[in-house]
Every structure is written in structure tokens, then in C-alpha cells.
Amino acid sequence: MFIQQLVNGLILGSTYALIALGYTMVYGIIELINFAHGEIYMFGAFAGLLLVTVLKVPFFLAFFLAMALAALLGMTVEFLAYRPLRHSTRLAALISAIGASIFLQNLALLIMGAQPYTFPSPVEAKVYQTPFFTISRLEIIILIFSFLLMIALTLFIQRTKIGKAMRAVAQDKDTASLMGININQIITVTFAIGSALGAASGVMVGIYFRTVTFSMGLMPGLKGFVAAVLGGIGNIPGAMMGGILLGITETIGAAYISSQYRDAVAFALLIMVLLLKPTGLLGRPVQEKV
Amino acid sequence: MPPETILTATGICHSFGGLMALEDVDFQIKRKEIVSLIGPNGAGKTTLFNLFTGHYNPTRGEIYFNNRKINGLKPYQVTPIGIARTFQNIRLFGQMSVLENVLVGQHCRTRSGLFDAILRTRGFRQEEARARKVALEMLAFVRLEEKKDEKACNLSYGEQRRLEMARALATNPSLLLLDEPAAGMNPQETTSLMELVRQIRDQMGITILLIEHDMKVVMGISERVAVLNYGRKIAEGTPREVQNNEEVIRAYLGESA
Amino acid sequence: MAVFDSIHLFLQELIGAYYMQLIILVGINTIMATSLNLIIGYTGQLSIGHAAFMSLGAYCSALVTLHLGFPFLLSLLCGALFAAIFGVIIGIPTLKLKGDYLAIATLGFGEIVRIVCLNLEITGGAMGLRGIPKKTNFVWVLLAVLFTVFILNRIIKSRIGRALVAIREDETAADSMGINSTYYKILCFGVGAFFAGLGGGLLAHYIRFLHPKTFDFMKSIEQLCMVVLGGLGNIWGSFVGATILTVAPEMLRSVADLRLLIYGLVLILMMRLRPQGILGEQTRLAPFFSQKIRNLLQKRTRTNT
């Protein structure tokens, strides 16, 4: 029973981790909570759904197309709602981000309506039985995909020139720009990658829970942020760890405390982390410059 | 009888992570002195300021102000006991008026609370009137009274520096720390600044410690100069003594000099 | 209090029940927006869980009315104090957090309150709390609004108000003025929550039915919109913002579905085009206009010379 919960938590957690990465990357670079990220996740799910059901695109292609479209949306949001406010107060940028989130959510409501859509499962519902837990084929695929994406991201950031530039910009924008790095380009790339990962999570969750709705981004969006904070915001391995930890805590909390308080568990965890170690599990403390 | 030395720091060490910013610094300021703290960039001058004002807590060492140990106190606790400061990169309350900035300076000298404010008691009204009077005096002192209703962020650079000093004076300090007060000023403004600093000491009896790069200011007004280099105090004495100190010359000009 | 009722009924007879309802909602929203403005606009602390304090006040005052039979004024006071106590309890740990973290902590707190209300028996759970007597009327709301604006205005124009704005402008410098910024942030949170609780109590005894969904994240956002639209750091602006965002959706019934979509756009566009809000940061209306006139005069004299 316990191990089963752990596995369920791991699956849920890996989808949180993908969302958390988008938050953490953006925060690392422009110190903004991208509130619209949950809506990008929702958009990804809808894009995947429409590609598969309406345009009859093969599933795997649809998956990557949804990621690409979400990347485009993320870049657009950044360009329209955040970039003009780069030099205003953080409060202004944050309010604009909240505005973008509400706008996108209600745009989806307007276009797609309030009813939930069913995502057709791309794989047959086969369940594997092990001595300790059961796992479906879909769940295995979700785990594999999530981890592949996380590995790909890590390699991208560590090995490529753009990845290096991203790290440089995260450390010090001014110096990075003196080194000839195009800051705007790096920010755009960051939004694109973060959004694509969020969309990947959205598609997988859409398939997993078999429903896609206009408001599906709100809770996972918040939880993705919680995961990012948990791991230490701005810290990429931290986001992965935070996501998985949150998934497991939530599943176990729901199983052993009360399923009605499932969502409250996540927020209680958030507030606890903020109080005990506001820099997160892997974050480094920062001393404010006077 | 207050002690002769207003501030005593002994064996101060401070490190950021692994980096030693200050190493074993001893430092004293006598009452009603004007002391300058100089040294190359990154020598630890502002760090020392931040230790005196409670923004940082020293890794090792002790700081006494009027015979009272102050390390571990928070900035809002240090100000009421008589230490005020200005900042290297001016930190005014930009959207508030000039007068309001100075009124905020008197925060720790006023007492009225929530219910006094709501009921607008007699004590509250008297205190407000008094605070206003003091604020206007301070503004007159730094020659900004005509600008009292302007937003602080609309002042010129030199005016902002003066306003920051007025705001610090409004906290009624006995020790005033000025972090590069002449930075970015033209020679004329610098001369009047030196005049102002001297007036603060002579007329108000306030002890002054300043960090300054402009040697004309340092040599012109300070009675004593301390030199920091790589987190250590390498020299201390009258401006003339320090000027001729070989180690100081080396620190500023490099080994070959 | 029978006098209040007769005044209310007389006015309702005069303007009609529909407009009466609108005015009462404008009043309650004004209380919400002005108190949120103290936290966001004056002190610069982004709280996006104001609706949670409203719900605490609403449930508490409704419950003491229902179970203990408290008179209306006392139950309103209970609700407001209950919310204020929570404001302080929540504020003590969370206000040490800076900007974005605070926002997310208040959001998390709001969600927890909602989920707890959804599952407790005493709050009626998912069924909601029914049968609250209708006690809120025009006179009560008017008095409450005047009380709120009066108190907030007095706080703002005191050394406390200056300390709050100083914290918003530069917390480090504020600390150096001897301002214990954590204390003042908690104070402002407590006061803000108090009035949010008052607004909640009024709402509870007006709509007579409470459900956790009434106080969800979107409600907090709506209140944020009112503050931003009217002007951060401007009490009168919050009144204007609350009025617009209460009346406009009613006037635009045909596009009711677009309400939230428009809210989103309003937030983005306001931040971009007029971040100071409709009225900007002037505490009184008169100087706002006299400034305009002065600018005009200045322009004229400049063209003359």
C-alpha cells in the first residue's frame, strides 16, 4: 500500500516537476513569478487534444507539436505582458502576470466552453502487476517521458552555448550583456523552453486523468510553483526534486490524512518551507546588498 | 558623563561565505570628531559601516557604542540609540515629499500609536506639530526648505544627497555615518558639502564618520583618517601622517610605487 | 435599528431594489478595496488572499448570529476581529518574506482557508451555510464604509502611515530610520484583515448564504483589480475602482462571460499604460485637480514668456 502510494506520488510528482521547471527557469532569469504558466500548461493540453481528435495527428507528433505551440504562446506572453515592464517595479510585473493568467484562462473558457473534454488514450490500458505495486503502461510512459525531458534540459543547460548564456544571464544580466549575450533572446528562449515543458506536462496529465478543461491549469500551476519554491526557486535540479517531493507528499497525505485536504497539504507544505527555509531545499541564501 | 570615545570596535572580522571582507579591525571614534575612512574599492569600508548600523552582524569581534554593546542589534534598534547613516547609492523614499522624508526620519523620536492616530488625540497633534517643526528646521539647515513639497525623486542629485543627510539628522543621532557623501558632485557642490559637514559637527555637536574617495574632502575636513586595504586597517592618523604613510601609498598606487 | 430599516426601505422605494442592491455591493467592495489598498498600495506588500480574510469574517459573523444570537453590530465586530487575529497570525511568519514569496504565501493561505471551509461541518461544507438572517441594509453599509475610510485615512496621515509608505519605498532605508518594518507590516496586515472581515460580515448578512466558492482566488483577484484600477496608494481610487468593477459588469450583462477576460486585460494594460491607476497617487481629490490647473497655468505662463 505504502509503496503503491509512493509510485503514484512519483508519477504525479514528475508532472509537477515539469511545470516547476518553467517557473524556476523564468524566475532564475527575470525574477518574476510567471503566473500565466499554469495556463500555458492548460493550453498545451488543449493543443494536444485538438491535434489528436480534430486534426487526427499521430499522438507522438501531436505531443511535440503541442510543446512547440506552447513555446510560441509563452514567448508571446513574455513579449506582450512582461517585456514592456522589464524596468518597472516588480509589483507591476507580477500584477501583469496575474492579468495574463486570468486573460488566457478566460479566453480558453470563451473558445472551448466550460465542459470537460475527454482525451483519448494513445496506448492500450494495460496494467502491470509487481509484488509491491501495480503500474499501467501509460504511467510508465509518463515517467519515461518526464525523465527524458528533464535529462534533455539538464544537458541543454550544461552543454550548449545557449545554456551557458542562460546561466550567465541568471547570474548577472548586466555583465552577461557586456559579454555580448543578447539578453532579450535568452529570455525568449527561456520562456519557450519553460512553456514547452509545461505543455508536455499538460498533455500527459490530460491523458492520465482523461480530462481537459479551461481551468485545469490553476491548481497544477500553483503546485508547480510550490514545487519550485520547495526545491529553491531558480534552481533547476531543485525544481525536479521539489516536484517529485510534492507529488509524493500530496499522495501520501491524501491517502493517510484525508483526500479532501489533498490540495491543502500542498499549500501547508509551501508555507512550512517558506517559514523554515525560504530559500528552498537546494537554494543558496542570498544576502541583501545595502 | 558620557565616555570620551563614542564608538569602539575591537577585533572585527566579517566574512561573506568564505570571503573575508574584514579581518581583525580595531577602530575607535572620539566624541565630536570628524573621521574619514578611506581605502581602495572593495577594502571593506561599507561593510564596516553596515556592521556599525546593524545591517550585518560581525562574524567575530565586538562593537560598543556609548559603552553599550551593539552587535546583534537590528538596524531599527541601532538608530534609536543614536547612530544614523546615509547610503552610498542614495536611498530616499522617492515617491514621498521632501518634508515627509524628513518626518519619517523622526519616526524613532515619536511615540504615538494606532489609537492616537485614529482618535487624533491631543498628544498626537502636538507630536505631529513638533515633528513638523523639527523637519522644517532640518530642511532649512540643508537649504531645502523651499523644496519641501516636491517629490524626493524629482530633486537634483546634490539635493538628494542633502535630503538624505537631513533625514539622517532628523533621527537625532550622536554619531552620523556618511557613505561617500561627495560622490558625483561638482567642485562647487563639494565645497558646500564640506561646509555643511563641519556645521553639523560644530552646531549640532554630532560626531561624524565618513567614507570618501575625494581626497580634497578627506584632507580638508577630517581630523583623523583611517585606511582600510583588503579588509585590514593599514594606517591611522592625521591626514598629513596618512598622506605620507608608505603602506598607504603602496595600497593606492601598487607595489612598484 | 428600526430607524435604519425604515431609511433603507424609503430609499429602496425611491430608487428601486435593483439599484439598491448595486449600491450595497459597491459599498462592500469599497471596504474590501480600500483595506487591500492599505496592504498593497501603501505598504507595498502584494497580498493575493484578501478574499480569505473576507470569508473568515463572513463565516464567523454569520455563525455567531446563527448560533449565539448576537446582535448585528456585535457579530460584525466578531467577524472583523476574527479576521484581524488571523491576519496577524498569518502575517507574523509570512511578512518576513519578500514580495513574490509573500504573494504566493497569501495565495496558499487563501486556498487553505477555502478548502477548510469546504470540509468543516460548522461552515456547512460543500452545501454552504444557509439561513443567515438579512440584516445588512443601506444605512449599515454606508456607516461601515464611512468608518473604514475614516479610520484608514487617519492611519495613513500619521507617523504609522508614513512608516508604511517608507517600507514600500525602501525597506532597508526604512529600517535605518528606526522603523521596525516587520512590526508595521503585521500591523497593516491586521488592520487590512479587520476591514476585510467587516466586509465579509456585511456580505454574509446580505446574501444570506455562504459558500467557500464565493471567496475563491478569483475573488481576491477581483479585489486586486479594483485597487489597481483606481490607483495604488489612493483610498479614493479604491472607491472609484470598486464602483467601476461592481457597476460595469451589471451594465454589460450581455457580455457577462467576458468579465474576467476583461479583468485580465485591465491588469495588463493598466500596468503598461497607467500603472498609477485612474486617479494616480494623490490622497485627496482636490489636489489632483488643483495640480491639473497648476500645470495648465504653468503651461500658459511658459507660452507667454
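To keep things simple, chains are lettered A, B and C as they appear, and every chain counts its residues starting from 1.
Here, contacts are C-beta pairs under 8 Å (C-beta built on N, C-alpha and C of every residue); 3 or more make two chains touch, one makes a residue touch a chain.
Nothing here was measured: the structure is a model prediction, and the numbers come from that model.
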{"item": "Central chain (by mean CA position)", "value": "C"}
{"item": "Chain at maximum distance from subunit B, centres defined as averaged CA atoms", "value": "A"}
{"item": "Subunit A-subunit C separation of Cα centroids, rounded to whole Å", "value": "32"}
{"item": "Separation of subunit B from subunit C, taking each centre as the mean of its C-alpha atoms, in whole Å", "value": "40"}
{"item": "Centre-to-centre distance between subunit B and subunit A (centres being mean Cα positions), rounded to whole Å", "value": "47"}
{"item": "Contacts with two or more other chains, residues of subunit B listed in rising order", "value": "55, 87"}
{"item": "Shared interface positions of subunit C, touching two or more other chains", "value": "172"}
{"item": "Multi-chain contact sites of subunit A, meaning residues that touch two or more partners", "value": "290"}
{"item": "Complex contacts: residues of subunit C adjacent to subunit A", "value": "40, 44, 46, 48, 93-94, 96-97, 99-101, 103-105, 107-109, 111-112, 115-116, 118-119, 172, 217-218, 221, 224, 228, 232, 257-258, 260-261, 263-268, 270-272, 275"}
{"item": "Footprint of subunit C on subunit A - complex, ascending", "value": "27, 31-33, 80-81, 84-85, 88-96, 98-107, 109-110, 218, 222, 225-226, 229, 258, 260-261, 263-264, 267-268, 270-271, 274-275, 278, 288, 290"}
{"item": "Of all residues in subunit B, those that touch subunit C in their complex", "value": "53, 55, 74-77, 79-80, 84-85, 87, 91-96, 100, 103-108, 110, 112-114, 116-118, 120, 124, 127-128, 131, 167, 171"}
{"item": "Subunit B partner contacts - residues on subunit C that touch it in the complex", "value": "151, 154-155, 157-163, 165-166, 169-170, 172-181, 187, 191, 233, 281"}
